[in-house]
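Per-chain numbering from 1; labels A, B, C and D assigned in written order.
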Amino acid sequence: MALTTDTKKDIYRTMFLAQAWEQALLRLMDENLAPASYHPGRGSEGTEVAATAALRPDDYLLYDHRGMAHIIAKGVSLVELFGDFLGNDLGTTGGLGAGIVHVCKPELGVLGQSGTLGGSQLIAAGAALSSKLRHTEQVTMCFFGDGAANRGTFHEAANAAGAWKLPLVFVVQNNGWAVSVPTSYSTGGTFHDRAIGYGMTGYEVDGQDPFAVYEVAEEAVERARSGGGPSLIEAHTVRLTGHYASDPDGYRSAEVRAAYAEKDPIVKARLMLLEQGLATEDELRGMEQTALDEVQTARDKALTGTKPGAERLHQRVYV
Amino acid sequence: MALTTDTKKDIYRTMFLAQAWEQALLRLMDENLAPASYHPGRGSEGTEVAATAALRPDDYLLYDHRGMAHIIAKGVSLVELFGDFLGNDLGTTGGLGAGIVHVCKPELGVLGQSGTLGGSQLIAAGAALSSKLRHTEQVTMCFFGDGAANRGTFHEAANAAGAWKLPLVFVVQNNGWAVSVPTSYSTGGTFHDRAIGYGMTGYEVDGQDPFAVYEVAEEAVERARSGGGPSLIEAHTVRLTGHYASDPDGYRSAEVRAAYAEKDPIVKARLMLLEQGLATEDELRGMEQTALDEVQTARDKALTGTKPGAERLHQRVYV
Amino acid sequence: MREITYMQAINEAMAEEMERDERVILMGEDVGAMGGIFGVTTGLFDRFGPDRVLDTPISEMFIVGGAVGAAMTGLRPIAELQFADFIWNAADETYAKMSKWRYMHGGQVTVPMVLRLPEGATGGGGAEHSGCPEASMLPHPGAHIVVPSTPADAKGLLKSAIRSDDPVAFFEHKMLYATKGPVPEGDHLVPIGKADIKRPGTDVTVVAWGRMVSLALQAADRAAADGHEVEVLDTRGLRPLDVPAILASVEKTGRLLIVQEAPKSGGGASEIAAIVAEEGLDLLEAPIRRIGAADVPIPQNAELERFAIPTVDDVQVAIKELLA
Amino acid sequence: MREITYMQAINEAMAEEMERDERVILMGEDVGAMGGIFGVTTGLFDRFGPDRVLDTPISEMFIVGGAVGAAMTGLRPIAELQFADFIWNAADETYAKMSKWRYMHGGQVTVPMVLRLPEGATGGGGAEHSGCPEASMLPHPGAHIVVPSTPADAKGLLKSAIRSDDPVAFFEHKMLYATKGPVPEGDHLVPIGKADIKRPGTDVTVVAWGRMVSLALQAADRAAADGHEVEVLDTRGLRPLDVPAILASVEKTGRLLIVQEAPKSGGGASEIAAIVAEEGLDLLEAPIRRIGAADVPIPQNAELERFAIPTVDDVQVAIKELLA
């Protein structure tokens, strides 16, 4: 799918929606209705939405712990997402979640989350192997941060993907930090260079520019789908907040944080749409209001869900 | 230390000695005096001896499971090595070994072996970190095969080494096979390219040419020692035998094996010494006879050792 | 009935299930052209080809984690780790991904895979190639733990495991590979989680699984010569654990010996002893006895290994002491 | 005596030992400028600098395996995994390298390191951030297993662990970090492997360690109100296990309850129950009782988690039943 004006608008709309959803979640936390453990995605919506937008509905997504924008872009309903965080029966896992949730929606290719970072890299390689062996032309996309990229799991997944030309796209969201540790301190070399050593194509892209992300993602996804093998996209993003919702973020200086604040991909995308004459201010406002209404409706609906009782504990552990 | 004629002769002598020692070990196995589990090193003596020769006595060595040439080159006595295989008190581990042994000689920097491939990569990174923090200018050299290079342990060790510029030299002995699996089937990209992604220098060298190996190893060791950070040397070697002593090697065709037989690094080094006029046939014969005698003496001595009894079982597990 | 080896039984089970269901694939180090380093997968590569029998890189995390991903998306992988000890090289993938993914995600996906784990001491494998880590899976519910002791059980249990929608960790003792026994042809299935009385008796219950069953049977023979009837109960694994069968046997005999090859501490014997001490204490006429390997890393020296690993003599002595 | 928190006690132990011995270094994710995600290493980076307090990459295998290499070559690392569950991400390094390297190499090297493992359920951490895997180390002899329950024990045991030439796995319960208690100033050392009677009693023995000790003490208070004297024996860890102290207590009370936070199957409680069923069966006047978490992956939903994890009520009920 080419990067048409509609695609651009859709990317913007989804970024805005994801952000609005996240604000609503944080409000639920303030109101003590949802548990306060969440890794906000503010700053990385550009990468998450635009890369995911290059996927087909039946492609597989292994999202990461930061934000929910990729999951929203893949089509999981806001009610289900709220339900997962509220821990009630409207969530995809039927109330097992709450906290840093595991969202799972196999019909949409959303396979779930590994709470240990890096676990999803291997599962992604397995899913990609599976679609290759089943000849389904499905592509698997796997998101993770600069920190998680340094787990050995990446090496094993990337090597298998490279050796067997698996239909897999790794997206490294490099926001420069893993909790308090700067990427420059913890990392030798660069992530996109690492691609070469596995016989993969490596891309470096500005994650603040969702349209640029979409273009490389589309190329990588098409390569994967047509049998050309895996790719790795290193997207430079920012973490506009603390690591988790209540992280005081004291290990990053005021200047560092201020510099990041200039790099909001949602602001940037909006500006590009206006400057390139692709949308009017009114149109965008309308779009935004619709998104806010959608979030409000979903929140109201989700709050009507029922929390599971003790009987839920032993369900679905054995078939 | 420059690659003088003496160094070249010493490398040849040690290669020959390692090979003679191995033949004697295989004979012990045939005679049912030593257990028949061993991964012969025939074909990789060039890499193992020449790279190790670039180390100082107090540098650290993490050898691999293939052959004993690196351990011999690092200075462990032949009696001790036989003792480890015979499982008697003359071995470095005092009889705990036998079989695919763990040789350990801290005074010579020989730190031991991880029976699970790849474990030594991490321990090597830790040893290199230790000498860096202790400011001892010791270098750590870590050998492993093409197969073991695909374990996630490598990634974590290489990344830490690259990030912190650790004094570490990885030597990948790429003999094209991991047991029955061709490297080309199991591996994406190349090993020396992988170095780049960690900010390391990567070398590709012909392991059949020990003098070439010495030169890159010396450069890498000196870089490490002077604070220039880690390197990775990919040496192309051959496995002249089956994977382990009694492996029928049926998964490799006669042609493949014949082609490898042409690539004996000992034969090649000998020829180079003669052709370059660095040694005479007589001199080499004398050297070889001395080595054979040395092996015989060591064998006789080692066979006088005593095997441990049941009381050994519970010794040295807690301090 | 025809007799085949434990290894052939396992091979046959895989071949039949791969024939029956094309979603079944096999992946592991050297499982292809070579037929596995122990020969267990011989012939499968030729028969089913490289898209069904995959030689993997030396990447244990990928072998298990990749199989989890494949199992969730329409395949039914049989993944092999070359040695059961390598479960530690893929522990998070085994305990937290294979075993827990389904539950963690609310049952939205199943993870129908079998993880094959050749286990046990063989005379010189050393501390990292001789383990019997089946009990390590107990605190990680979600996967079944199967440990067959005979060729017939190996075949029947593996076929059940491959058909199960739950993940199954399947431990095969390397020293059993060459042992022979009668195995029914065709669709022989053994249910997972049902214990089997391998020898009935009235005086002492010996509970064992995997290779230790044969030690128990040999010791029982010797005890019979002394006039004691030993019941040998093969749990065939550890999860589900057939607690009723264990308690029923102890009720009959009043004396319980549990034999495992793993180090005495922290193994399946401890779990079974604890359960009986909780649920069947009044059935006991003597203290429970456990036999396991010495609590040391297994030495590479085969002679030292012999001192470390349980023997028939150990079992015999314990039986005598229980009857004293 | 002054009162400080469990977390401060741990911090103080590290600071004092780092002051005392410059070979002691600290390595782990976010242990530097941030002071650890739970704040346990606060101030150490400022005090000892980046060559003594190292923020590592997210590479658990390197954290443990690298510490093993550093420990063999002249340093005495304290390595921290951010969550004890991540032991599965470094299992081979922990079980086979840290624990076994010395023995496997004939005692030629020592591996003097401490692996700090923040454990336990905290209300919403889910199946991969809530575990108490101390018992998983039992079948891998070579390392001590320490689990302190009070600030004083935390300080004294950690100082002993840092000075030990054996590797030590040191499990800290996250829910204890903020709890306060009296802690002696200065060189307070607690020997590894000695149990401690946290409350003497004559009617029932409750064996526990880590966070479960406080549940046991609360339940003992309630039992006292009913006129029953419960003895609470804190093993302070699992290896070495103070078996004589356990047997002595059971001899006094005749009744044994073991409480662990880990899932009921395959934990330390099973090991202790098995030992008592072997060595102290005739001391028992009632069946042994074990309490542990439900045998399911811990759900992320904190309300479901509460159903899964042992509570004071559970302990109280079990005590009552044991006395019935």
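Following the convention adopted for this analysis, a residue touches a chain if its C-beta (ideal position, glycine included) is under 8 Å from a C-beta of that chain, and two chains touch if they have at least 3 such contacts.
Computed from a predicted structure; not experimentally measured.
K.L.:
Which chains are shared contacts of chain B and chain C?
P.N.:
Under the touch definition, chain B and chain C have A, D as mutual neighbours.
K.L.:
Sort out for me whether A-D or B-D is joined by the greater number of C-beta contact pairs.
P.N.:
Of the two interfaces, B-D and A-D, more C-beta pairs touch across B-D.
K.L.:
So, what's the distance in Å between the C-alpha centres of chain B and chain A?
P.N.:
Spacing between the chain centres: roughly 45 Å.
K.L.:
Just curious, how far off is chain C from chain A if you go by their C-alpha centres, in Å?
P.N.:
40
K.L.:
Cα centroid separation between chain A and chain D, in whole Å?
P.N.:
About 36 Å separates the centre of chain A from that of chain D.
K.L.:
Where in chain C do residues touch two or more of the other chains?
P.N.:
Residues 56-57, 59, 61, 85-86, 88-89, 92, 96, 103-104, 126-128, 141-142, 296-297, 300 of chain C touch two or more partner chains.
K.L.:
Residue numbers in chain A touching 2 or more other chains?
P.N.:
Where chain A meets two or more other chains at a single residue, that happens at 95-97, 102, 114-116, 150-153, 155-156, 159-160, 163, 185-187, 317.
K.L.:
Taking chains as nodes and touches as edges, what kind of graph is this: line, ring, star, complete or other?
P.N.:
complete
K.L.:
Would you mind writing out the residues of chain C in touch with chain D in their complex?
P.N.:
My answer: residues 85-89, 91-92, 95-96, 99-100, 103-104, 126-128, 131, 133, 135-142, 239, 262-263, 265-267, 269-271, 273-274, 276-279, 281-282, 284, 286-290, 295-297, 300.
K.L.:
Please give the residue numbers of chain C that touch chain A in the complex, ascending.
P.N.:
Where chain C meets chain A, its residues are 25, 51, 56-57, 59, 61-62, 64-75, 77, 92-93, 96-97, 101-110, 141-142, 164-166.
K.L.:
Show me the residue ranges of chain B that touch chain D in the complex, using the header's touch definition.
P.N.:
60, 91-97, 102, 104-106, 111-112, 114-116, 119, 121-131, 133-134, 152-153, 155-157, 159-160, 163, 315-319
K.L.:
Can you list the chain B residues touching chain C in their complex?
P.N.:
It comes out as residues 35, 37, 87, 95-102, 114-118, 147-148, 150-152, 178-181, 185-187, 250-251, 307-308, 310, 312-314, 317.
K.L.:
What part of chain C is in contact with chain B in the complex they form?
P.N.:
29-30, 32-34, 37, 55-61, 85-86, 88-89, 123-129, 294, 296-297, 299-304, 307-308
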